[in-house]
Amino acid sequence: MTEQPTQAAGMTIVPAGAEPAPRGPAAAPAPKMKTESLSVYYSAFRAVAEVTLPMQDRKITAIIGPSGCGKSTLLRSLNRMNDLVSGSHIEGKVTLDGEDLYAPGVDVVDVRRRIGMVFQRPNPFPKTIYENVAFGPRLYGRISKSEMDDIVERSLRRAALWDEVKDKLKQSGMALSGGQQQRLCIARAVAVEPEVVLMDEPCSALDPVATIKIEELMQELKKEYTIVIVTHNMQQAARVSDFTAMMMMRPDRAGEMIEFSETQTIFTKPKDKRTEDYVSGRFG
Amino acid sequence: MTTMMAQSPRERMRARRIQVSQARENTRRIVNAVMLGLTGVATLLALIPLVWILIEVFARGSQAMTLDFLTQTFKPTSMGGGGIWHAIVGTVILIGLASLMAVPIGILAAFYVVQHPNTAIGLMVRFGTDVLSGLPSIVVGLFVYTLLVAGRSYSAISGAVALAIMMTPIVLRTTEEMLKLVPRSMREASLGLGASEWKTSFSIMLPAAITGVITGLMLAIARVSGETAPLLFTAQGSNVFSTALDRPIASLPLTLFKYAVDPDVTRNAQAWAIAMIIVLTVLILNISARLIANRRSK
Amino acid sequence: MASISTGKGLRTARPISARVTLNQRIGRALQHGDIPYKGIIVLAALSVIGLMVGVGVMLWIASSVTRNSDGLGFITATEWNPVSDLFGAMPFIAGTISTSILALVIAIPLGLGVAIFLAELCPPRIRAPLGFLVELLAAIPSVVYGAWGIFVFIPTVVKPVGEFLLNTFGDKSHGIFIPLFEGPFFGASYLAAGLILAVMIVPTITAISRDVLLAVPKAQREGAYGLGSTQWETIWQVVLPYALSGILGAVILGLGRALGETMAVTMVIGNVAQLSTSILSPGYTMASVIANEWGESRTPAYSSALIEIGLMLFFMSLLLNLLARLLVWSVSRRNPDQRV
């Protein structure tokens, strides 16, 4: 909880002109992304039940809760990654800038370009570091070599990886350490200039040093992106996030959101008894 | 919302971001749809020969298929052409003998491979299994010729050996796969109770893996029941009824080959009837092996 | 206690058996049948290895006549005239290579397309039955393919296609002339053999490629989808490159099958020992010349020549098998999901 100042510092770095709206939940600006009583089903099984979650622009929203409570499922429904699972469908709404992402006629491919994702295990392609980053931009058009060099450098810098790899861009991305691989995946995700970056337990496969690096990186990234992170690590949520959603599994095994608030509130004066038990480490 | 973010660093960055052109996006969607569609077309295209062959074989084969055809032996076409009883018996003898050789060797070698997977011999056996199953059948025929026929006579037994060589790797591999699924603890419990290796292997492990052995044998028989090339230089084929193991013997695929390239249309029609018998056998064996394996995995 | 000491699976038995003399142990093992057991399964295992080695050795010995008289010239000589004792294998090597290439050109895109459909597109429920149907193509015996080729496939497909190629590109007097499609054309030809071989090796390429594609980690696909790739872009740019060496293995195994395929080819290729630049002309392959001329080989040199061709086939399939196994193995080893 003592890390809270870090978060506050992160906020103040945002240029004044970019954030005219006053702080506090009551006067919060319209959220960048929002789910409205979203339920996610795998065939007949309801994995997530009626979650309404706003995600503010240039803030980090953390989703926490015990394992199996539907955190990842919720996150994956935000960029329609669940579409890949046959039999999955949703009820309710997911909006980005007020636009319904599941409306008929919306292109999944476009949704995923605007909402990038970083996965639990680093999953670089077995290509060179350069090619990993260039992969996304190349999908969207012919880009000249110098322009692509630019994009690759900028993305790797934003992922705080440039200094470590600038001399070995032609080496395989698989040859990097786990933490570097994860930052490469972040660089790959930001190279397509998404508006939102989803992170599914991005540090769970990493050692503490690499974890700290990624967390610092997230503070940098939130200046430009809306970030949603799923984590089972409460300290991490407390350290990095601005808002926190607490999820629990209901008796019918569907995950529901039991509390959502500013991170500080969740960790200092939670309203729900279960949240209090969870964040104080009494179970989960 | 958008207006107030006009000067944000992100918007400035966005200004020089990659332009997403609608034309290119459309091209991507079209390429996607076309290529995915083509894989479906490929699947249909690949299945056409299967359906086509089955239709032809059954339509043409049923025409010459009579009881006489199945129960009589060879006669010249001037006398009606006769039947293929001699070839049916020959094939049964060849496959029966081959199974008697391939099954024990395949099972015993599978025991070896499962119990000693990483020894030099174990690895060599695996590689040998791969090589044998990939060996052109005509090469197997030549090998058995040089081993058993050269200097002697074409014989049923040499034909059976050639088929056994082709069956062994199949029996070995399916048995091995099943034996690997038998829990280690089961073997150790048996040995720990004082049972001998023989008893453990044959009364504990083999029964647990029996479906593997059976499906393996069925697939192996399916594989060789249409084999022609390895029999050309071994069993050689014959027009007379024979059960002698040291003499040439008839077989269905050899007869099919001979009749198919015969200029006489009666023989051609008979060739289709033989093809129907072989294809039916192969289909039944493959499908039942599949069903047994599926039931086992459930 | 005696019986426990033969139970090698039990750790506690070790110290006890260590105190037993060697003679006692041998006697006990014999009584329980353990030494014959070991001996017999080793023998079975060795017989598999022996067969593999034996094939090479026997064919090597049996081909000594031409190996000694012609040496490597046997491979490069283009004249095959058994009546005057001229044995050159080049027409057959060329026939095997050209029919195999033709088969691969057709079977690779087709087989890969089916594999992609099975692994990536079709609902999991029908994946197995559909895959089984494709694999049934491999179960149909070669000789049945041959009969179908002679009576059905050549007249209805090969003839029209061949005649079209012949009339369009095969006439020196008009239009574009491509020697690949020069006449005369009778039906039985490299083209017919190549097309039938293509049908026969599609299941091999499909089955292995499908397994390799299914082994590509889900995380790789998600990585690509997460960046906004379409399904085809994901398959073409991420899944296929990841599986490339395994697919190459599948293609090599398919090639191995095409090289050694005998009966179907023998029945549709026309069986003429000549070198030709046209895929419409009749020819021979290594396997089909052995099958077709064995019955006529009366002299030791003739038999030896045919066996030497068989020896070459053996080495080719040995080499291809080794290569394919290495490739397929390298993919399955790389799959990080298998560690979980």
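We call the chains A, B and C, going by the order they appear; numbering starts again at 1 in every chain.
Definition applied: a contact is a pair of C-beta atoms (placed from the backbone, for glycine too) under 8 Å apart; a residue touches a chain by one contact, two chains touch by 3 or more.
Every value quoted in this text rests on a predicted model; they were computed, and no experiment measured them.
J.: By label order, what chains touch chain A and chain B together?
T.: The shared contacts of chain A and chain B, listed by label, come to C.
J.: By mean C-alpha coordinates, which chain is most distant from chain C?
T.: It is A whose centre lies farthest from that of chain C.
J.: Round to the nearest whole Å and give the separation of the Cα centres of chain A and chain B.
T.: 51
J.: Please report how many Å separate the Cα centroid of chain B from that of chain C, as a whole number.
T.: That gives a centre separation of 13 Å.
J.: Distance-wise, how many Å sit between the C-alpha centres of chain A and chain C, to the nearest whole number?
T.: About 49 Å separates the centre of chain A from that of chain C.
J.: Indicate the residues of chain C shared as contacts by at least two other chains.
T.: Residues 230, 233 of chain C touch two or more partner chains.
J.: Touching at least two other chains at once: which residues of chain A meet that condition?
T.: 109-110, 113, 139-140, 192
J.: Going through chain B residue by residue, note those that touch at least 2 other chains and give them in order.
T.: Residue numbers touching two or more other chains: 28-29.
J.: Can you list the chain A residues touching chain B in their complex?
T.: Within the complex, chain A touches chain B at residues 15, 17-18, 20, 29-30, 58, 97, 107, 109-110, 113, 137, 139-141, 143, 151, 192-193, 223-225.
J.: Would you mind writing out the residues of chain A in touch with chain C in their complex?
T.: 79, 81, 84, 86, 109-110, 112-114, 116-117, 119, 121, 123-127, 135-136, 139-140, 185, 188-189, 192
J.: Over in the complex, which chain B residues touch chain C? Could you list them?
T.: Against chain C, chain B makes touches at 28-29, 31-32, 35-36, 38-43, 45-47, 49-50, 52-53, 56-57, 60, 104-105, 107-109, 111-113, 115, 121-122, 124-125, 127-132, 134-140, 142-143, 146-147, 150, 165, 168-169, 172, 187-189, 191-194, 196-199, 201, 222-223, 225-229, 232-233, 253, 256-257, 260-261, 268, 271-272, 275, 278-279, 282-283, 286, 290.
J.: Quick one: which bits of chain C touch chain A in the complex? Just the residue numbers, please.
T.: 123-124, 217, 219-230, 233, 237-238, 241-242, 334, 336
J.: Give every residue of chain B touching chain A within the complex, in rising order.
T.: 1, 4-5, 7-10, 13-14, 17-21, 24-25, 28-29
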